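See the structures that follow.
Each of the next two complexes has chain A plus one more chain, namely chain B in the first and chain C in the second.
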Partner chain A sequence: MASDYNADVVIVGTGVVGCLIAEQALEAGLSVLMLEAGPRVDRWRIVENFRNLPPSLRLFHWNAPYPATPWAPHLETRTAKEQEQYLQLEGPNARAYLQGYVRYAGGATWHWAGICWRLTPEDMRLKSLYGVGRDWPFSHDVIEPYYTRAEYAIGVSGPSDPTLQWPPNAKRSKPYPMGPIPFGPGEHRFTEAAARIGMINLPAPQARNSGVSYGGRPPCCGNNNCFPVCPIAAKYDAATALPKIEAKGGKILANAVVYRIETGEKNSIEAVHFFDPDKRSHRVTAKLFVIACNGIETPKLLLLSKDERNPNGVANSSDQVGRNMMDQPKLTAELELQEPLWTGVGPVQSSSILNTTQGEFRSRYAGAMFRMENFARSPLGAAAALKKGLVGRALDVEIRRLSACTARLTVEHEILPSTNNRLTLSSQKDWLGINKPNIHYDVGDYVRQSAKEYTVPRLQQLAAELGATKFQLSPEFLNSDHIMGGCVMGAEPATAVVDADCRAHDHPNLFLPGGGAMPSATASNSTLTMTALALKAADAITNQLRHG
Partner chain B sequence: MGNSSHRLGALLICFAVTAAAGICQAADPPGQTAAVIKRGEYLATAGDCGACHTAPGGKPFAGGLPIGTPLGTIYSTNITPSADFGIGRYTEEEFSRAIRRGVRRDGANLYPAMPYTSYSKFTEEDTHALYLYFAQAIKPVEQRPPPTQLPFPMNIRASMIGWNLLFLDSATFAPDPHQSAEWNRGAYLVQGAAHCSTCHTPRGFLMQEEAGRALSGAQVGPWYAPNITSDPISGIGSWTKEDLVAYLRTGHLSGRAQAAGSMGEAVEHSFQHLAAADLEAIATYVKIMRAVRDPADQVSRFSVGKKFSELAELRGRAAIKSDSESAPSGAELFQGNCTSCHSAEGQGSKDGYYPSLFWNSATGAKSATNLIAAILYGVNRTTSGGQAFMPGFGGRPTDANALSDRNIVALGNYVLTHYGSADTTITEQQVAEARRGGPSSPLLALARGSMAAAAVVVFLSVAFFIVRRRRVSA
Partner chain C sequence: MLDQYRDDCPTAFNLARRDVLLGGLLIGGIAALPTLAAIAAPTSWSDHSAARFMEISSLLVPHHLKEEIGKRMGAAMAALNPSLSQQIDELLSIARQKNARIVEDFFADVPDGPLKETALSIISAWYLGVVTNAPDAEVFAYEYALMYQPTRDVMTIPSYAISAPNRWTAEAPPLSNMPEF
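And now, the complex of A and B:
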C-alpha cells in the first residue's frame, strides 16, 4: 500500500515524552516525523488568549486559553455543558477524572506546574513491601540515571542540600543543573506552620529557570501564571523543544489526527493513519512507531485499532489496555486566615510536603502529598469582595484582606492500580467520527480510608497552624491532571501492556512511553518519571534500530 | 628598525645572562617574569583576545569561532602555544609582527578582522608581556580550527599588503605631553588594546576605518555600534564619567542603554575585569574626544519616548483563537511577547533588570538596527552582578518563540511609534538582512563579478602607487 509519509521513527504526540524521544533519535542519526493532532500556536497568542479571558475563567479553567479545534477536541470547562462534551466519565468518582490535557503541539506541558519530584525506591515496590498495587519491573537504581538525564534535558532547578531533596539523602548521579527558586512569603509561613506539626515542606524541584538562562530560555521573573501558560518560557514546556527538533532535521506535522495503527505479518506495526482537517486520510510508514499521547489518548488509539490479528485492539493481548487508569485523587481546602499569608510571589507551585507519602500505613491506606497553592489570590479576592456589594475604600480594604488572608491547601492521594478503573471507547463520536474516550473511575477504599483517617485530619491541623478562621473542604475528590496507567508496564506479557523499556509486548516496533506505562502512581507529580521513562525508551529505540 | 635591533640586542644580553639556567627570556629584571606574565594576562583581557579566539564551548584561545564579516566568514585561529596548530613556533619578533602588523609567521597577511590596526599601538614592553603570557601561561591546545576561505579576490591575502600601506598606521602609541597621564592612559587603551574603533568607527569602501569620523558609529554584523563621541545629541556627551565607567563595568545603564552583541561580549570578557583606574582613564579620554554630530539627529537617543499602554482598549475584546496565522497587530504582539518582562507600559522592572523601552538607546536611535537585532538575537551578558538575558525571537533556528519577518516589523514599528524614535520605521527587508547576519559589503558584491574583481585588483595597485608617492613626498 502506498504511503504519504515515511521516516525511521514516527512519533505520535508532541508533548514532553514525544519531543525528548525525537531529540534523542535525531541525535542518533535517525529520521523523525512527529504527528500532532492539534494545532501549533505561538506562545504570544496563548498569552493573549489568557489575558483576554474574563476574570472568572482565568483561574481553574486551564484549558480556556487553548480553544480546541473541531478535529482535536479536548476538555473545555467554560460551561457545565461544555465540560461534558469530550471526556465521557462515569463511576463513583467521575468528577475526579476530569483531565485537562491539551491537544496542541507541545501538549499538556503548556500548562503544567513544572514540578519534578522523583519516585522513592519504596514507591516502586508497593506489592513487595506493603502487599498492595503492583511492583515496577526494575529497581530505583535503574531509573536514577534517567532521572538525572531528564533533569538536565528539561532544566530542573532544585536544592543542593541533600536533606531538602526528595527522596531525602538519596544517591543522585549529578546535582540539579540550577539552584532552587526562592520561596515567597506565603511559602515561608506555610513551611514554618507545617514544621510545627512534623510536616516537612520541601522546596519543589521544578523545570523552571532559576536566576539564569537554560536551554536558550530566560530565567523565571515571577509572572505567577505558570498555568495556564508561562508567558516567557522560563518554565520548560515541550513547545520550546519543537524548533530544536526541526533544527536537527526532524519534521513536525500539526493537525494530523492519528486514528488507526496498522499491523502487518508477524504483528509488527506497518503504518499509522491520520485525518487532516479536511477529513482526508493519510498513511505514514516507519521502521518504528512511538505513541506518546499519554494515558488517555494512547489507549484510546490502541483500542480504535483492533484488527483480525488483534481483536481486543493493538498491544492488547493482555486485556490491560485502558485498565488501571490512575491520577492522584485530590481534596482541596479553602481557608480564611487571621493573619496575612501572601501567596502569589514566585511560581504558582513551588513546594510540597512529601514525608506524608511514605510509611508502613501504605499497606492499609494511601499516602498523600500536601501543599499550598502559591497563586496570587487577588482575582479571587476581588470577585468575592465585589459579590459582597462593597464600594470605595471598603472594597479596596476587603480585596486586600481577601488577597492576603486566604489560601488553598490541597492533598493529593496515591491511588492503587485497579482493572476496574477502565477506559473504553464511547459510542459517542467526535467531529471526525472517532469514538470519544469513556472512563469509569472509582478512587477506591484505599484512598477513601486515607482521607478519613489520615489526610483530612492532617489538613485541618495544618489549617489550624496557619491560623484559619474558616475551613471549607471540597465536597468530592478532584482531578490532579496526572494521567497514569492505561498501558501499564510489567515483565509478564500476560499481565502488562509494555516491557521495562515501554515497548509493547505484542509488537516489537511499537513503543508506548509516558504516564500510561507507570504501574504505580504515588502521590507526587508524574512528569519527571514520564520523562525518565521516555529517555529509557529512547535508548532502547536507538539501540534497536542501530542493531536491527 | 632601531626598535627591533634594540630588541635583538636585549635578547642577546638575556641569552648571555641566563644561558646557564637554560632559559632565554627578554630583559626582565630577575624574579619579575611572573609579574610580566600577569601584566600580559591583563593586556590580553583588555585586548579581549578570547572574545574571538575562543569558540563557544571550546578551549580558551584555541580559535575556531566563525566571525561573520561583510566579506564572508573568517575563522579565528588557535593562538595557544601549540607548535603545529597554534603560535608555539613564533619568536617574540614574529608575534609582535603578527599582532602589530598583521603578518603571520609564514609571511602571509592576516585579515583586519584581527584588529592589528589598533594593536599596532601596543608598546614594546606590553607586546613583550603579551608574548610571555601566551608563550608561557597558556596551555597548548592541539587542534586545528577550520580554515578561512573568503571568496575571490579576498582570498588573495597578498591584497592586504596594499591595504596595509594605505590604512595601517604602524606607529606605536605616542603620549601627548599636553594631556594628563590619565587621558594618555585612556587614549592608549581606547586606541590600542580595547580597539574601540574596530566596531565604532565607520568604514569606507575598502573596509578601512574612516579616521575623520572616529567612533561616530558603524554597523557590526546585525548590530550597530553607536556614536560614542562626546557629542551631546549624536554621541554620549550626556553621560557623566561615572555613567560611562558603570556601563563598561556592568553593560547596563538604567534609562540609557544596555550592551548586547559584541559590546555585551566586550563587557563580559574584557571591561568588567579592568582596573577601576583604567576604566576611569577610558572614560576621561572618551568624554573629551572630538564630537561628531550626525546632522539628521535632532534629539539624543537616550531621551526619546514615554510610558504608554493600550491595554484598556485591548482587553476583553479580542476573540480567543486557536491559531496564530492571521496577521496580528503590533499591539497584540507587543502585549504577548514583551510586557511580561518589560511591563505593561514599557517601563521595565523597578530593580532595573528589565530595561525600560523608552529612554533606551535601542529604541530611541534614528536607526532601528539594534532594536531589530535585540528582538532577533536577544541579550546574553554575564558580569559579576549576574546574567542579563533576553531570549532571541527567531534569530537562531532553536529559539523557542520565533517571530516572522512580518511580525517583527509589526512589533518593532509599534515599539518605535510608542516608546522610541517615532519617525523611524522598519521594513521586512531590514529584518531579513539582520537574519542573514547584517549587510554585506558593496565591495563583495562588486568583487563577485570577475570584471569587477579585476577592477579591485587594479584599484589596489593604484592605491599602492598613490601611497608610495605620498610617502616619497612626505
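And now, the complex of A and C:
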C-alpha cells in the first residue's frame, strides 16, 4: 500500500514525552516525523486568549484559552453543557476524571504546573512492601539516572540542600541544574505553619528557570501564570522544544489526527493513518512507532485500531489497555484567615508537603500530598467583595482583606490501579466520526478511607495552624490532571501492556511511553517520571534501530 | 495546511478565543471585530452620553479611570440596558443634591432597586473589566481592571512580571497599607 509520509521513527503526540524521544532519536541520526492532532499556535495568541477571558474563567478553567478545533476536541469547561461534550464519564467518581489536557502542538505542557517530583523507592514497590497495587518491573536505582537526565533535559530548578530534596532516602547522581525559586510570603508562612505540626513543606523542584536562562528559555520573572500559560516561556513547555526538533531535522505535522494503527506480518506495526482537517486520510510508514498522545488518547487509539490479529485492539492481548486509569483524587479546602497569608508571589505552585505520602499506613489507606495554591487571589477577593454590595473605601479594604486573608489548600491522594477504572470507546462520535473516550471511575475505598481517617483531619489541623476562621471542603473528589495507568507496565505480557522500556509486549516496533505506563500513581505530580520513562524508551528505541 | 506554519487553522476555525465565541456572527474573522462593537452600541449613545458615564463613574469609583476604557464600556452597558442614560441622569442628580465628591457622600441616598443595581454594575465593571462576568463577555480592561489595584504592592497581576528574576521575597507590608491608585 502506498504511503504519504515515511520516517525511521514516527511519533504520535508532541507533548514532553514525544519531544524528548524525538530529540534523542534525531541525535542518534534517525529521521523523525511527529504527528499532532491539534493545531500549532504561538504563545502570544494563547496569552491574548487568556487576558480576553472574563475573570470568572481565568481561574480553574485552564482549558479556556485553548479553544479546541473540531477535529481534535478536548475537554472545554466554559459552560456546563460544553463540559459534557468530549469526555464521557461515568461511575461513582466521574467528576474526578474530568481531565484537562490540550490537543495542541506542545500538548498539556502548555498548562502544566512544571512540578518535577521524583518517586521514592517505596513508591515503586507497593505490592512487595504494603500488599497493595502493583510493583514496577525495575527498581529506583534503574530510574535514577533517567530522572537526572530528565531534569537536565527540561531544565529543573531545585534545592541543593539534601534535607530539602525528595526523596529523602535515595541518592541523586547529580545536583539540580539550577537552584531553587524563592518563596513568596504565602509559601513562607504556610511552610512555618505546617512545620509546627510535623508537615514538611519542601520547595518544589520545577521545570522553571531560576535566576538564569536555560535551554533557550528566560529566567522566571514571577508572572504567576504557569497555568494556563507561562507568558515568557520560563517554564518548560513542549512548544519551546518544537523549534529545536525542527532545527535538528525533525518534521512536525500539525492537524494530523491519527485514527488507526495498522499491523502487518509478525504483528509488527506497518503504518498509522491520520485524517487532515478536510477529512482526507493519509498513511504514514516507519520502522518504529511511538504513541505518546496522552494517557487518554493513547489507549483510545489502541482500542480504535482493533483488527483480525488484534481483536481487542492493538497491544491489547492482555486486555489491560484502557484499564487501571489513575490520577490523584483531589480535595480542596477554601479558608478564610485571621491574618494575611499573601499568595500570588512567584509561581502558582512552588512547594508541597510530601512526608505525608509515605508510611506503613499505605497497607490500609492512601498517602497524600498537601499544598497551598499560590495563585494571586485578587480576582476572587474582588468578586466576593463586590458581591457584598460594598463601595468606595470599604470595597477596596475588603478586596485587600479577602485577597490576602484567604487560601485554598489542596490534598492529592494516591490511588491504586483497578481494572474496573476503565477507558472504553463511547458510542458517541466526534466531528471526524471517531469514538469519544468513555471512562468509568471510582476512587476506591483506599482513597475514601484515607480522606476520612487521615487527610481531611490533617487538612483541618493545617487550617487551624494557619488561623482559619472558615473551612470549606470540596463536596467531592476532583481531578488533578495526572493521567496514568491505561497502558500499564509489567514484566508479564499476560498482565501488562508494555515492558520495562515501554515497548508493547505484543508489537516489537511499538512504544507507548508516558503516564499510561506507570504501574503506581503515587500522590505526587507524574511528569518527571513520564519524562524519565521517555528517555529510557528513547535509549531502547535507538539501540533497537541501530542494532536491529 | 498540513505543514509547520503557526496559527495554521483554516480561517473558519480561527483560534482567537473571541472569534470562536462569536463564530456564527463573523464572516471576515478578526478584521470584523471593530465593526461589531459599533453595531452593538445604540445610536443614542453619543459623546455626551460617554462624558456623563465618565462623570458618574468618577463619583462612584474614587480612583483614576481611563477614558478610553469608559467610552467602550459605557457603550456596551447601554446596549444591554436601554435605561442607562436616564439612570445616569438620576444618579448624577442625587449626587448633586448631596454636593457629593466621593461615593460615600451620596450612595446611601440611592434607592434600592434598578437604580442601585445600575450604580453597582458600573462599579463592578470598572473593577472586573467586564460588563457581564459570563463566558462570552467582552473584556474591556485587563491590567487596568481595578480589582488588581488594592493588592498591587504584593500580588502579581497574573501574566505580568512582578519584579525581576528571583527578586521577589517573603516580605509583605501590613494589610492596612492601602496602595494609592
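Assume the second predicted complex is superposed on the first by the 547 of 548 C-alpha atoms of A that agree within 3 Å, B and C clash if a C-alpha of one lies under 4 Å from a C-alpha of the other, contacts with A are read in each partner's own complex, and residues count from 1 in each chain.
Methods note: a contact is a pair of C-beta atoms (placed from the backbone, for glycine too) under 8 Å apart; a residue touches a chain by one contact, two chains touch by 3 or more.
These numbers were taken from a predicted model, which means no experiment stands behind them.
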First, second, both or neither for A:436, with chain B first and chain C second: neither
Partner chain(s) touched by A:283 [first = chain B, second = chain C, both, neither]: neither
Of chain B and chain C, the chain that contacts the larger number of chain A residues: C
First (chain B), second (chain C), both or neither touched by A:216: first
Contacts of A:239 with chain B and chain C, given as first, second, both or neither: first
Partner chain in contact with A:125 - chain B first, chain C second, else both or neither: neither
Which of chain B and chain C A:247 touches, first, second, both or neither: first
Chain B versus chain C as contact partner of A:41, first or second or both or neither: both
Which superposed partner A:51 touches (first chain B, second chain C, both, neither): both
First, second, both or neither for A:405, with chain B first and chain C second: second
Intersection of the chain A residues that touch chain B with those that touch chain C: 39, 41-42, 45, 47-49, 51-54, 64-65, 67, 69, 211-212, 218-219, 221, 223, 231-232, 246
Residue ranges of chain A touching chain C (in the complex, touch as defined): 39-42, 45, 47-58, 64-65, 67, 69-70, 78-79, 181-185, 187-189, 209-212, 218-225, 229, 231-232, 246, 251-256, 276-278, 340, 342-346, 375-379, 381-383, 386, 389, 391-393, 395-397, 399-401, 403-405
Contacting residues of chain C [partner chain A, same complex]: 1-10, 13, 15-18, 20, 60, 62, 102-104, 107, 119-120, 123-124, 127-130, 132-135, 137-139, 142, 145-151, 154-172, 175, 178
Chain B residues within the chain A interface of the complex: 314-324, 328, 332-333, 335-337, 340-341, 349, 353-354, 380, 386-387, 389-392, 396-403
Of all residues in chain A, those that touch chain B in their complex: 39, 41-45, 47-49, 51-54, 64-69, 104, 211-213, 216-219, 221, 223, 231-233, 239-240, 243-244, 246-247
